[in-house]
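We just call them A, B, C and D in the order they show up, numbering each chain from 1.
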């Protein structure tokens, strides 16, 4: 591990945790890298700020916050005699810092419109490998941990599991910035209850209520925030505006766009042709490219594009209805018919304005259980260790359907 | 309602809510009354501060906090066109302020030792009637509301129900002062979701996750805080030390005690002989009488009394074990035998040091349901309205058993 | 005042205040207007997020927060028997909501580069007048208050004075989001101490320490946050990049830019030719236009433009030194010489990279004093009422000088 | 340093800091000692809870909080390459934990009535020496640090100086529990700015505004909280009630009192006859002895004692006036005359009910300056390093006078 030169001992302010210390100069240099700095221009919650105006925090801050919680977790585990070498410590910091670096602008929306067939995790991995070259192999262990290939399973579980550091930060952070205080979780307590048994990350028994509370808070955040009606509408209009733009691009129509956005509009990018040039272009693309283009498209000749763009810019969105059952075809058709009249568009074009979708959330996944360690050293799935709160029920995915259509 | 004279416009600081305003001079005078001032000397959580050192808040502050939340609730309901007259408003303030005024020192411990066969609610009512005399009948409506006799049912439900103002304050307050942040509830949001339908207090549909969260938080507070092992031991030792003192008193043994404590030790008080003099004596009795006596009893000749007292003062308590099943007689007997040897006491006397008990908590009670109001104006029990979180499961009381014995 | 239709009773979450209620449907409609929605895309603190990564809050949220504090202030004043009519109440809400609507993208930077000779207050007024037309004169009183022309002086002082609602929100909000907890002020307490005497806004005597604390906190925020070195560098580079772009535009060089930004780059806009069309264009211009253009300019042929743009995008800024005295010419010249060599540019061109500036802050302005009301009803300037803390000293502007140059 | 046995690894909840870890088993055992447990029964702020009902926190919690901040300070200093051995670390924990152990019940009141001529610091030292015997000399270094005799001056300065850990905790804690948010200081930031130069504790230059803010916050807390009128009256009545009790005791009058209180009432204790027995008695005396006795004295035959006691119990206090100048004799005399009539007591006896006093607070003491370390490694007194805020002015003690008399 590189020695830390004094002028790189940096401290960052965080409204949530107070001060965050950058532990060494390698980490410092990674944070300074343009790839990482780009995360400053990608909001964590996309268009949720249309519902919760405080939710403008960025992926940059989330990643830094994760690193801070990782420092706490390592301190707790070492205090409990879990051995973690200096190299592993640094690997954990790098892995958690970079776990989301492949997220596109406006997060998930892009995955459904601009690029196809490649997940943000895969792109994160591409970024990490590129950085590993630049940093002469110093990220090798971090990549191994990130990929879940390190034999000490808990290292990978700290990065990705049902109770990983990522979730501990984002639930707390999203709850904080949205002002939805009920989603607040006690990251500190959950971390204080962590331990390692047979190289697996486990939670000590007296943390059982905290885990339950964490699962319930997460579920609440899903239905109240992440899947909030208005946010869903906005995100879907965004997907549609990008889809429309891409279709126009394919036809050779000219569109105001930054060079990075232009690249992704006018090329069909998927997992197979995602070259190093693509990665470089991807590293230039952020929320600013997308939203500034949409603002300009408000005045585009293409009516569909213009209408959709205007909805976002003026926050004058489609209406949305949500229910447990799928919507009947006749109902959808009625809405399409009205849209034809109202917007003076063809029936075929109504697909941009009238659409249904199914959303689901599973509060707890039995396949990768949260393990509870009792006093005798035995492990138990939380779903069985909990005395009453029917956690089994939380394993059943909740499914809802929504329909959007013009007001 | 009395006019408010300017010098009675008081504002109180509250670490939780910021500022609390005393709405009028009648309320001000009730707060100034010695009966109410006594609540300054009764902690809300008894010996929980032996576990959570921050938990020294008093019943006084809780009552004031309730009044503040009631102000918010009234503002919300009126905004939603629910008519609440000025008289009813004042009645609600008085009823919530005084709902706990009959609590004895160290709260529930006293009910099991010093007085018998009379609940703190009954004593609260006695205080309220006495105050009503002093204030020339100005508390009549408040008493009616407190007793649940007012025809507008929601008035009484704001004071006492599964989602009453009392709970909204104490859960928030206890969570705040213990530092158990996971018990924190969003009183503000729950109040914002309140409405009245057919004179019943109801919660609007979009508040459903908040109610669920509230129920889970309450359950967490029960098992993690209110029924915390160490707190349970301390409270039971307290009950035993008072029982022992009372037994000695009956035998004519002299005991250091304040005049108020003396009255309750040397007289057998129950619902039938609870006179006005008793009420006056009760109004003098607070945590200071009890704890200062126990401190003195450390040096009493009676070995049992002295041992028990010392345990509390030095926080050197009995050991406790908890489990789902009742403890077997043979196990209890073994512990008693050991106590005989260890403390050099008779088998019979071990009942002060070796004892078992059953505790239970029901997270949700179907009989007095929390009603959810959907958009079409229909009411539904939350246990049925919730889409997944098996709330039905929360209606089943959880029972646990514990045994205490000397270390 | 328009009647409030039920579906317009909106509540917004605020991480700072909890819930914010929109008081009536006129206010609701003004908030929905595209002019106001634009504030969602303008950050309150510009490039301060390069130093304080949490500081991404928008002018939209600040304006809404101000409205909330205004509701509190009106409640307090009415409680103290200050008469405020419903019309005045609504006027205050509108005036405070719209007081900053004329702010340009990245706030102050624009005023020094893109438009000239017209302040954001003047532009706010233009927006308000335009809205007043659209809303059939319902903003007339608000405009009068905003302009300080209403005879009841305290109405205007709530909008603009040394202790106005604007400051009470932005100091609290900026402190909250930056995580600089020391800048936190007790808006609640300051509002609770407000009163009106001779139609002037005054502070009651027992609020004197709170005002002192407010002045000190504001001063701290200036030097530690608003005038933070890194923020200053970034803002000045932004000004320079826009200046350079404008110079190139004047020469006819083509520049990637949105139509709104194009308008302001290729036209010379000042107070005299600020037409209704200009206002419309201004209403389209936000942070996204600016930053997305800068990102593109990184690859522009013009070396100066490209270098400056890259500094911002990669957060690889100029070095800055700050001191009490002006920098000597010889020192500046030396830095310029080095820049010539390092960047391979002409001496003349170094003005974009090597520059000095003077900053100043006056913590308290004697000319528009904060008036303290003592118990006998006398008014005193806080600078004289304070017993010790030499507030007189705070009236002396503090001046500092800085120089920027390439690393 | 003793090895830590796993079952002694304790974590305590703190509403302010979250979790506090007890670092080793020696510390654990000291905390468990009855001398230290006694601090659970002594409130930090005495009768301030009569004004700020949330202020019931104890000296126990404050001491634990100090230990937590000390852990942070040590971590920061070691990170900056200041060498602190494990033994010194433990000594710092013990010294800060025990720095206030000699405080009497209701803190300062006792020093002016029950014992005389001996400060709480001297008593703390006695306790520490006694504990050092019990713990076989393991507190020797802690005592040396506490007495300021360790050659590494910064160790002592962390315990006692103008910016010591004690103040960092109590200002934060008192501000938190009173709800006077303006007194809140950023302990975290101040600690982050600490460094050691020539074995002196210093603050790095960029912490200068934080120190200023800290001084102003402390000053605000003095005048608004610690020297709040109502608190002052209550404390002075408490002193008088104890003085009267002592006078009666000297005359042989019998008084209800615990054995510990009895000892101090019926013996004249001062620095010269403060034996080991006295220390043992002192260790039994806490808020409960005092307040429970006062409650009983309400019904004592002695009219003076009874009147004073009743004032406290019913919170029906004397009136107080405060001003910058001393009160004139004639004014005092007039008040005494009225008291004679009103209470039907002798002129001589009015001294318990009519009295004046002078209070003073010096916000900053030049003699033990807070040293600022600039980038070149030079040290400067903060009063000179600060650019504007006339800190010199803060060195002048502010003096006020008050008079109390019956309503």
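The definition used in the following text is that a residue touches a chain if its C-beta (ideal position, glycine included) is under 8 Å from a C-beta of that chain, and two chains touch if they have at least 3 such contacts.
Treat the numbers as computed from the prediction; the structure is a model and nothing was measured.
K.L.:
Where the centre means the average of the CA atoms, what chain is farthest from subunit D?
P.N.:
A
K.L.:
For subunit C and subunit D, let me know how many angstrom lie between their CA-based centres, rounded off.
P.N.:
43
K.L.:
Return the distance between the CA-based centres of subunit B and subunit D, expressed in whole Å.
P.N.:
Chain centres of subunit B and subunit D, defined by C-alpha means, are spaced 32 Å apart.
K.L.:
Distance-wise, how many Å sit between the C-alpha centres of subunit A and subunit D, to the nearest whole number?
P.N.:
It comes to 49 Å between the two C-alpha centres.
K.L.:
Tell me, which residues of subunit D touch at least two other chains?
P.N.:
Residues 18, 180-181, 189 of subunit D each touch two or more of the other chains.
K.L.:
If you connect every pair of chains that touch, what shape comes out? Choose line, ring, star, complete or other.
P.N.:
complete
K.L.:
Residue numbers of subunit D touching subunit A in their complex, please.
P.N.:
Per the stated touch rule, the residues are 9, 11, 18-19, 21, 79, 188-189, 192.
K.L.:
Once bound in the complex, which stretches of subunit C touch subunit D?
P.N.:
Per the touch definition, subunit C meets subunit D at residues 181-182, 184-186, 189, 209-210, 212-213, 216-217, 219-220, 223-224, 324, 363, 387-390, 392-394, 396, 398.
K.L.:
Give the list of subunit A residues in touch with subunit C in this complex.
P.N.:
12-16, 18, 32, 34, 37, 40-41, 43, 49-50, 52-54, 56-58, 60-61, 64, 176-181, 256, 258-259, 284, 286-289, 291-293, 295-296, 299, 313-316
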